[in-house]
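For reference, the structure I am asking about is given below.
The first chain written gets the first letter, and so on, giving A, B and C; residue counts start at 1 in each chain.
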Amino acid sequence: MATWMIVLFVSMSGSLSLSEREPEYFSPRSCKELMLRYKTNEDGLYYLTTASGVVYQTYCDMTTAGGGWTLVASVHENNMYGKCTTGDRWSSQQGNSPNVPEGDGSWSNTVTFGTAEAATSDDFKNPGYYDITAKDVAVWHVPNNEQVNRWKLTSFLRYHTDTQFLNSYKGNLYNLFKQFPVKYNIGSCPDNHGPSIPVVYDVGDATSNHNLFGPNPRARSKPGFITFRPINTERAAMAICLGVKPTDCDTEHSCIGGGGYFPEGSPRQCGDFPAFDWNGYGTNTGWSASKQVTEAAVLIFYR
Amino acid sequence: MATWMIVLFVSMSGSLSLSEREPEYFSPRSCKELMLRYKTNEDGLYYLTTASGVVYQTYCDMTTAGGGWTLVASVHENNMYGKCTTGDRWSSQQGNSPNVPEGDGSWSNTVTFGTAEAATSDDFKNPGYYDITAKDVAVWHVPNNEQVNRWKLTSFLRYHTDTQFLNSYKGNLYNLFKQFPVKYNIGSCPDNHGPSIPVVYDVGDATSNHNLFGPNPRARSKPGFITFRPINTERAAMAICLGVKPTDCDTEHSCIGGGGYFPEGSPRQCGDFPAFDWNGYGTNTGWSASKQVTEAAVLIFYR
Amino acid sequence: MATWMIVLFVSMSGSLSLSEREPEYFSPRSCKELMLRYKTNEDGLYYLTTASGVVYQTYCDMTTAGGGWTLVASVHENNMYGKCTTGDRWSSQQGNSPNVPEGDGSWSNTVTFGTAEAATSDDFKNPGYYDITAKDVAVWHVPNNEQVNRWKLTSFLRYHTDTQFLNSYKGNLYNLFKQFPVKYNIGSCPDNHGPSIPVVYDVGDATSNHNLFGPNPRARSKPGFITFRPINTERAAMAICLGVKPTDCDTEHSCIGGGGYFPEGSPRQCGDFPAFDWNGYGTNTGWSASKQVTEAAVLIFYR
């Protein structure tokens, strides 16, 4: 006995003739499209389809600030003590090395990994990351290993842009990071930081955001922004500063992701959450981040 | 009669008669449901669907002891010489370290990996592991790299519980291991072992089971049980003892999976098959397991 | 109005009109079948279905030399400086070691990884690799990180066999490599090389092919062939020589993939592109390959 899997796009009026209908009609490409076309207004897991026909499941936030937010990625620090080792997919799994200046390259390639349901237990990147044309970005901080139906409840910080800044960067982070490569030695600080965009808080506020990081990075950044492709003193590149705009060059204590090489204290800064443990794990003293933010996944949405 | 799987995107208000039915009717959540509702009675690969809508393919054993067994996981030792390195997804891929006491955490998170068809060539964990509510567990030992249609023929040991013990642990191993974390230093031996459940043999017997392990572990365990979350002398935690109940604290020679730290002889005991090679690879002398069990994947089923 | 994804199991004798059709109609098993049955003649991404019901998306070349070519694998060197480390799925991710003579074993097992859309950014192996029964093989060299719709344009070397040689090896590389294991110490050079098959060039020619490799490997090989399972002086096994037939035993400079142990200069030769950097990265001098071939993914097709 054979079992077959058949994927059909079926017209609403019941004809099973594939060829007579536009497949796009039945295959929402983003949560926003799903919301607008189908009047879907419940948060939860849905299937989306890319322009090239890839079908994937992800989480839609259909209620925050008008809804229509698509989860496209999560950055999960699986081991703060692992320095660019297995699981550091948003920086490098190749060790800290100038020979691999872009590390795994995940910020600007089409490699995907993980699942929506495990997005707080492992790194997640779905095809929406490069397929969706969006205007704004939202970020959620959700404690590790939380179940999907508790994400919204347990998130302790959530913010989003509302400036439609992605219009200037070809519609998504994949393209933004083509323009601003997350690559060691691509530029210097402060001249070559990427854009800082103001954010609106949905959970938490600028102060609670700022307090997630130690007193030193707090004194060297302003909350209320999301910053892309910061560069530190030693010319290491990171991807995203978490609700802050750096005002100096020690960006490795509040920004995540990265290329494959962080010269300072090698290899101690290399990883998805680079130097969050510089003065001890979760101490929230000196340069170290709080335990709360260290043990939470960073969920990235588009709209 | 062949079974077809069809994935449809159907409007709730559409005229397709299909859409008028309960979606659950069309999406078996376990092999047991598939058997009971559809009278499916052939072993093989089928598609199942989780409560959250994830569709996955896995193997159903529809004949053993009444059938209805769903393959939810396999533990495959890809490199007995790798000590918590890449591929040790049921212990740790982060090296042997007290800093990562739960290792990869696969026993109690929703991360999935592998495929049914490669379950004897690589680690496998599907969403059924956390999605299915079950009563009993079965274990098969199948030589590495066997094709699906030869698993039943080539398995040299198979056993299952029939006490419905999972009723006491929220219906699956995901929840059982939430209650009994596979984590270094969570408790001590022998006081904090998890449950030992008697098993019925489907292939092999208590003696052939026992003889898969060296004379030393044999003298320190009783066959005819499956034991969860044993702890060894040095407070390392493992996940499952293979058909045995330990009577002392050297559990690392017949139990599999683990947290991320095994203190004794560091890093020699860390891995999916922890110290099966303590007195040489596959020697079946002293503390070492046989080559047969060392080179076989452990397939885990629910019913 | 909500959109639901519904999974149906439909009996062949059920009342749905769908079930009255031949299942093959809905599930092409290869691009060749898709072309012949559906008259599909455009290059691009399509869904295929294996005998066991696995559905996967891959790229079909429907135009070269009659069309009908299915992409089944890509070999991507993610880090030329990583010597059998994470990402070396076509050789070994376990370090250079005689204890793991077959490395990850990907050439002759059913493990799959990657996606079609990321085939030039990461290793890719789909179920077609072992499921399709084919006659010939094609190879494309495409620069890393190229988008699918630019592969054909940017490929700088493409060739295919037309001898139907796979008829002699059970129809695919999975079976060929069962017969010729990619395993350290399985044989010696030159007696135990696997088959060399002549190729026809679709892009480039024998001279441009040869010039991708340094002067030393060029002097020790003949272009115009694809060679399987070469063995080097030190008894390391590789999988595929890229458009060449070795005439001596230094095969590690123009052949890719491998078992888990390369004795010479350990660990410097171990990796998906073994010793392409022996005299420097991309120098194209001495034993080293050109930068062009070093930074291009090798796409493998069946027909």
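The criterion applied here is as follows: a residue touches a chain if its C-beta (ideal position, glycine included) is under 8 Å from a C-beta of that chain, and two chains touch if they have at least 3 such contacts.
Note that the structure is predicted; figures quoted are calculated from it, not measured.
Taking CA atoms, the transformation carrying chain B onto chain C includes a rotation by 120°, reported to the nearest 5. Between chain A and chain B, two chains of identical sequence, the interface residue sets overlap only in part, with shared numbers making up under half of the total.
If each chain is reduced to the centroid of its CA atoms, chain A and chain B end up 32 Å from each other. Within chain A, contacts with two or more other chains are made by residues 2-8, 26, 38, 47, 86.
Across the complex, chain B is touched by residues 1-13, 16, 18-19, 23, 52-54, 86, 93-95, 97, 99-100, 104-105, 109-112, 127 of chain C. The touching residues of chain A, when paired with chain B in their complex, are 1-10, 12-14, 26-27, 38, 45, 47, 57, 78-82, 85-87, 114-115, 117-118, 121-122, 145, 147-148.
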